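Right, one structure below, let's go through it.
When the chains are written out, they are named A, B, C and D in that same order, and each has its own residue count from 1.
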Amino acid sequence: MKKLFKGVMRSGNFSTNRLDAFSDGVFAIVITLLVLELHVPVVKGPYISEELIQGLVDLLPKFISFVVSFVYISIYWVNHHQLFHMLKRADRGVFWLNSLFLMCLTFIPFPTAFIGSYPSEPVAVIFYGVAMLATAVSFVVMKSYIFYVGRLVDPNESKPSRFYLLVGPLLYVLAVFLATVNTQFAIAIYLLVPVLYFFAGRLED
Amino acid sequence: MKKLFKGVMRSGNFSTNRLDAFSDGVFAIVITLLVLELHVPVVKGPYISEELIQGLVDLLPKFISFVVSFVYISIYWVNHHQLFHMLKRADRGVFWLNSLFLMCLTFIPFPTAFIGSYPSEPVAVIFYGVAMLATAVSFVVMKSYIFYVGRLVDPNESKPSRFYLLVGPLLYVLAVFLATVNTQFAIAIYLLVPVLYFFAGRLED
Amino acid sequence: MKKLFKGVMRSGNFSTNRLDAFSDGVFAIVITLLVLELHVPVVKGPYISEELIQGLVDLLPKFISFVVSFVYISIYWVNHHQLFHMLKRADRGVFWLNSLFLMCLTFIPFPTAFIGSYPSEPVAVIFYGVAMLATAVSFVVMKSYIFYVGRLVDPNESKPSRFYLLVGPLLYVLAVFLATVNTQFAIAIYLLVPVLYFFAGRLED
Amino acid sequence: MKKLFKGVMRSGNFSTNRLDAFSDGVFAIVITLLVLELHVPVVKGPYISEELIQGLVDLLPKFISFVVSFVYISIYWVNHHQLFHMLKRADRGVFWLNSLFLMCLTFIPFPTAFIGSYPSEPVAVIFYGVAMLATAVSFVVMKSYIFYVGRLVDPNESKPSRFYLLVGPLLYVLAVFLATVNTQFAIAIYLLVPVLYFFAGRLED
């Protein structure tokens, strides 16, 4: 079974340009769809101005989750480009692992809306972390496949360190565990990760 | 009438690059729109955590239909590229048959949401199968037109076997019939088709 | 005022490739968004199967308006490409008239949902016709500007006949007038126009 | 801290083509999503025709905000292209400032729906102005960074005047202040800005 599976993955020959262009389209769309989860407050009655202000205040968690998810997707966009820029050729394994990653990526608006609606509920905070963990893991799996299994990059290209590959997923595992104790610790990690990437991430392509 | 119709189809001259790029855009959008059918559960009251968990459990059929439709669209994306890669030139027939295929493709979020909402209702399970059948048939018709009617590929290119062309549509016909007896058999086929493609599909481009 | 306006329009220099790519993106998105107006019927109770079937039957006008609008947008896509393929260069006039056309195009999902919700109401049938008329007129104005005002195409390119330019808009004017008397006549014209284009349209690019 | 921040921003090397293509995708999507805020009126009863007409009349502010936001986004699209056309190379600073600008841009459908729903409420009119101000400021910051900090354009390229950079943001500051006194003055400015750009904007690329 494992041999058959590996045989399927290592076969085929894709143009990386095309995979890249398709992925780019998905990135552009999912980052723009995030706004659709922000709904205009519906209010009536004599105190409409006060209620609209209250409505905006109530939306604050949704605004924050919109911003955080936007930044995450931007960072993934850069990392995805970096990775595909190094790729000499793609096989079926790259195609399927990229599809898996894009599936996690297109799913992001749902946990974003969920945590934005219930920012103090452990269920929602955990769910957001699990979704982000899945996205990070799918990216790391694809990257590891490209470097270590498929050997689809130039041999002179420096391999990513195991530490670098695992730090993102481990932070989300930590956040998910913390969320069971205190949701604010978990949210702090969600806000911290983009800042880490800003200062530490290799963003060259 | 038939002659006039054929005359119209065989005329014209399109750049395949452009048709391909436009189709790619549609693919990227429709695969990303699937997430919009996942709505955050709305709950209130003292047992909010329990109800949110229940809300997520209730969404399970929608999550599954999201994944299955995502995989289907990924597979069509590969097959579409493979096909258009072989195309030397396109006539009006390719344009219209491609539009018909894209129409079926953009329709997919609706049956996906439908079966996700009523996973045990024969009507919804049949409807999903019919929509998938229509998509498969429109793709096979376009492919057959390109190879057998339009002769728009290199004559050295090996023609697809009739068996290969028909196996997808026939599986959906089977699923639709089974759904009238037992919806779970039909759903099993819907889950099986992507697995078949994973192991048997020619995914080269 | 008129002179100032004309001075503004005739200035500037755009890459047509870029305008074309941007327009293509808008086309791909708007054609895919049409499906979002199809909502899964919400039913409950002991006769759920019967009600779901009834729900699908009730959606029939929406399915039809989905298909018709899809075909319209496909036809505009071809015509837009044909036009921009002939363009040697673009000035601000082309940019603004193209924006006007794209605005009408992105608006189409609204009248499509409107006529799909109230297929026998004159208001909805007239509104659909007016929206289609606006789209057709904005395209004809852009085309006329390119050929007659801006002279932005190769002088050897044959100019479109005035008859050809006006037949689309005039059919919609007719449909809007007929809708005040009998909505079915108007709907017949909406269904007829794509068929006309299929047989008579120049779809070469 | 400031030095570290500047070091991060000035590092890295991006292909401007790719940033441009990604931004184009976001532009095309957000301009097309605006229509999703227009909902078909839901009416019943014996006076359905009259109520549908009333429903359309009630949508008038939404139609207007749709048109105004469409024009704004079109103008930003041109200005963005102009700017990126001059760019010789991009660093991380351009990437992050462009992401910030795109985040403001993708947010536009929300204030558009908000002012369309409550066109006479100061809260909504101010909010629209603040959102437009944020978008304008993020664009000016990116443009200033490119010209004055990053020096990423050809030295022969004429620098934009400070007046030209500030006139847009200042108009929105004015509108926000006016909205606290009289919402109609503010709305007049929102309608005026696109007209100003039409006549005075450099739209060459």
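Miscellaneous remarks
What we mean here is this: contacts are C-beta pairs under 8 Å (C-beta built on N, C-alpha and C of every residue); 3 or more make two chains touch, one makes a residue touch a chain.
If you're wondering where the values come from, they're calculated on a predicted model, not measured in any experiment.
Taken over every residue number at the interface, the positions common to chain B and chain C amount to under half, indicating a different-residue contact.
If you average the Cα atoms of chain A and of chain D, the two centres end up 26 Å apart.
Our note on geometry: chain A versus chain C, Cα centroid distance of 36 Å, whole angstroms.
Shared interface positions of chain C, i.e. residues touching 2 or more other chains, are given as 25, 28-29, 33, 36.
Chains touching one another, given as pairs, are A-B, A-D, B-C, C-D. On the side of chain A, the complex with chain D involves touching residues 24-25, 27-29, 31-36, 38, 40, 48-49, 52-53, 56, 66-67, 70-71, 74, 77-78, 81, 198-199, 203-205.
The touching residues of chain C, counted against chain D in their complex, run 4, 8, 11-15, 18, 21-22, 25-26, 28-30, 33, 36, 92, 95-96, 99, 102-103, 106-110, 113-114, 117-118, 121-124, 127.
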